[in-house]
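Below are structures written as structure tokens.
In the two assemblies presented below, chain A is common to both, partnered first by chain B and then by chain C.
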Partner chain A sequence: MASESKMIMLRSSNNEVFEVEEALAFESQTIKHMIEHDCADTVIPLPKVSSNILAKVIEYCKKHVTSPKDDNNELESFDAEFVNIDKNVLFGLMSAANYLNIKSFLDLTSQALADIIEEKC
Partner chain B sequence: MEGETSWVSHSVDSIVRNVRVFDSYSELSDEGNNENTTVSVDSILPDDLLELILAYLPVASIIRAGCVCKRWNEIVGSRRFLWNLTHALPQKPWYFMFTSSDEPIGYAFDPLLRKWYSITLPCVETSSWSVASSYGLVCFMDDDSRSELYVCNPVSSYYRRLEEPPGLKFPDYSALAISVKKESHCYNVSVVKSTQVQGDFFQWELSIHIYESETMTWETPLVEVLTGWRGGDEGVICNGVLYFLIYSTGGGMPEDRHGLVTYNISGRLSQGPLLRGFVPMPCPLTCGRLMNLKEKLVMVGGIGKQDRPGIIKGIGIWLLNGKVWQEISRMPHKFFQGFGEFDDVFASSGTGDLIYIQSYGSPALLVFDFNQKQWKWSSKCPVTKRFPLQLFTGFSFEPRLEIFP
Partner chain C sequence: MKKQSIVTSGKMISDDLLTEIFVRLPVKTLLRCKSVSKPWLSLISNSNFIKSHLKRTITTPGADQTILVFGRNNDSISPLNLDPPEIEPPLGFPFCRGDFPFHCYLEIVGCYNGIVCVCASHCPADPDIDIDCFAKNFFKRNDPNIYLWNPATKRSKLIPQTNLRPQKKSLMAIGFGFDPLCDDFKIVWVFNSYNEQSCPAYQLYSSDTKHFYAEVYSSNTNSWRKVESKLTDSFQYAYFDVFDVCVNGLLCCIGGSGMLTAFDLNKEVFTCGVWLPDKSSDSFYNRITEFNDSIAVITRNCKKNERKRKYAFNLWMLDDEACLRGAGPEASWTLGLTIDVDDSFPCVFGRFNCGDILLETDDKGWILCNSDRKEARDVPLSINIHRRIIKYNESLVSIVGSKQVNWNAHEDDS
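Right, the complex of A and B next:
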């Protein structure tokens, strides 16, 4: 049952605007803080996050917000696949996770990068 | 804490000197290697992000990371990095095995990377000293007068000598335990001394001494004379309660050779006679080893034959629920046989999710994963038995860079 959900607008560093549900946007403590303290207008600027990174962040949050809480296996395989990407993109995601303050995403990307360092040596 | 900054900046150098880790990272930091080197990883990330990532590495890898280059060395040795480690997930416990009876040298097994590292322990003189560990700190007590106690971090080598405990020196038996409070890093050390009362075989004087690291003082909350029982060398603290094994000095049935008693060290109010809280053993044991697994009391016991209780026929693991032992697992026959000969006594130590078991006669090490309920040999220890009567023993501890004694 979908209730009337408030939509938030996020603007990436290259001026592309993404519209997302509030619940999803609130996965980011940074965004949550800005909205709750009225620091932003209708559109929240995210000058440190590019479009393609922001799109992936939204994809992660969407999966985690909409998945049923007890389906850990599915989330685990989603996460594992999600970080199975080029390490430069992974850096970008981790940096965004840190800036946007999304704890689970930060843990995931940091661990993935630590695993890469571990493997290389 | 004053002086902590200098500790921190020197800690990485000390760690690197102490833990000689094979396969160093540094070989790969040369320029001109393939593009996927640690240097290219390094050049993109700012310090604060690199700091976050390094905290997710296994402890041994963090130490090696500190050797890669000056920048990584500074990050790993920084106060902020170490402080962040307190919030990282606990690492799997290592097992240190003495490879000589007269020197404090040996190898530590890292179950995460399945490697052995050569380590020299501070403070302890021989493998017959008493050892107890909690949350990255290890306490050593000399095996003679029982008055020399040290608390150290075996990974960083920093140590502190404690004031001498009160009570009789040269007790017949003593059990050592330590418990660290995670939030404050303060700790309690407990020593249970047992000495036979002059001229009486059945009477033993037992005293409990507790050390508080905050005040750096000892107290003796209990002195009691037991009849028919004595204390021994096994004790552990779980959730503020001291558990230790007592041994029958009289005849009695085989099941009654060992018993467990408790003392609430956080309570300290008069708790009545020790034997009131007596917990019998689940079956005849040849020996028992107590350990704290995530604040639960676990015992590894040698199972004695019914008619010949001094002969070991298997090894079991029990968890204490209130006053009842719940059997968790029995060592499968193939592992029991895999040790070759098993004496009625053996070494066993555990913390976190892992239990290590080792026969005194060989450097073979068995690991039981308490979560998965699985038995597995460790990777082969780089030490071989050099002469028939050589004995091996060891202890487990959580490797933590950020805790200081």
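Right, the complex of A and C next:
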């Protein structure tokens, strides 16, 4: 790898800008599509995602992109801890996963919400 | 139960997202969720949601590990999980307690998309009755009640009597399947108009198809209609009384001629027969099944060398269903799996996902063989099935005109 990886800027609904590596941003099919089809300028606006949610999404993607492929146990416990949060925040994450089209994150968050409902129903 | 705390306060949850969550829930939970709010009730009752939920249930890895087994004397039906081996409590009955006050004898015609087609007949309570004899002639002798039953939602529909049969004839074969093109559950039955007194028994198996008469029931129209198509010669049904399996709308069986033949549920016609692969196999042990969305057959070959018998089970897939529609009796089959087993006289029953085959051993034991891992493991349960494997998945699918059938009076009417 000769060059540094390209950095992408993401702007949340409350105008905070996050700078992330392209590889990480590409976990989101929505963002990937926008960049590949030149639909965005230097900063990609994400009006449906607030800062605190976006920060957590980035944290998830970072962990999944940088982890070695065969370390399933570590990823599993990371994921389990990650969704062990207030259900409203969890719902916000699921909403963002859907909007940003990050399949593994959508699976994780929807399953966690399904588990909560199953427990309560 | 704090139902309100589940709903995210304030925001309206879009149906898309709710669907994403709900498709992951089991049927029992979804039935309870119906009473949380009107939007939830509406979403869970929606037929598109029900289809999505079913599709996800069926495609989840490990989904087809549950089969249906009978209780003693076929007086109950229970789901049995093969991995890990475990029998679950009985499913209940497709009728309310008051409707069937006698001993009942249940026979399953088939099960698709969570709907079980079950026949219930009064069984004499006589403990000396030869239950095997009763079973063998169940469909031929009795006029059973036929139900389309969803045991998970506890809803069932009693199939109406047919007006079509001009005179009482003897029921020879019955089959249940799903026609995906019309989104319709159908039952087909075949009669023979032989007269027991005047017609010797061997003529039952003749290929004289003019004495045969067939009807098909459609759950969408809730009515029977006569099948105009003639029975094809290959369809001498000496060896069976229930069609084995329904694949892509084709109800398949092995006719008395030893050929694979089928009833096309969508066109409502009998198809031609095609030869099974491997004429050197023990044809008695051939079983029709389904594999990777194709019609398949499991054949058994016996290798007698040294002092031990070795058996090889082969799973063959039919390359093109179209050959059933008139190309001729030669068909092309592809060998999918081979499993070698060292045991005495195992029969073969069905197959499961990931290349497992369930085998019955000589001493009524059961083993599950996996071709990939080349291992066989015991299933330490007594499995009471009648030759066919009937897979079961829970679903929310509802038949028009079905009603709630709660066996216990104190159960919730959900």
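Quick note on the criterion: the second predicted complex is superposed on the first by the 118 of 121 C-alpha atoms of A that agree within 3 Å, B and C clash if a C-alpha of one lies under 4 Å from a C-alpha of the other, contacts with A are read in each partner's own complex, and residues count from 1 in each chain.
The rule we apply is simple: a contact is a pair of C-beta atoms (placed from the backbone, for glycine too) under 8 Å apart; a residue touches a chain by one contact, two chains touch by 3 or more.
Everything numeric in this text was worked out from a predicted model, so none of it was measured.
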item	value
Touched partner set for A:S95, first chain B, second chain C, both or neither	both
Touching partner for A:L113 - first (chain B), second (chain C), both, neither	both
Shared contact residues on chain A - chain B and chain C	87-88, 91, 94-95, 98, 106, 110-111, 113-114, 116-118, 120-121
Chain A to chain B touching residues, read off their complex	87-88, 91, 94-95, 98, 106, 110-111, 113-114, 116-118, 120-121
Chain B to chain A touching residues, read off their complex	23, 25, 28, 36-38, 41, 44-45, 48-49, 52-58, 61, 64-65
Sites on chain C touched by chain A in the complex	1-3, 5-6, 8-9, 11, 13, 16-17, 20-22, 24-26, 29, 32-33, 36
Residue ranges of chain A in contact with chain C within the complex	87-88, 91, 94-95, 98, 106, 110-111, 113-114, 116-118, 120-121
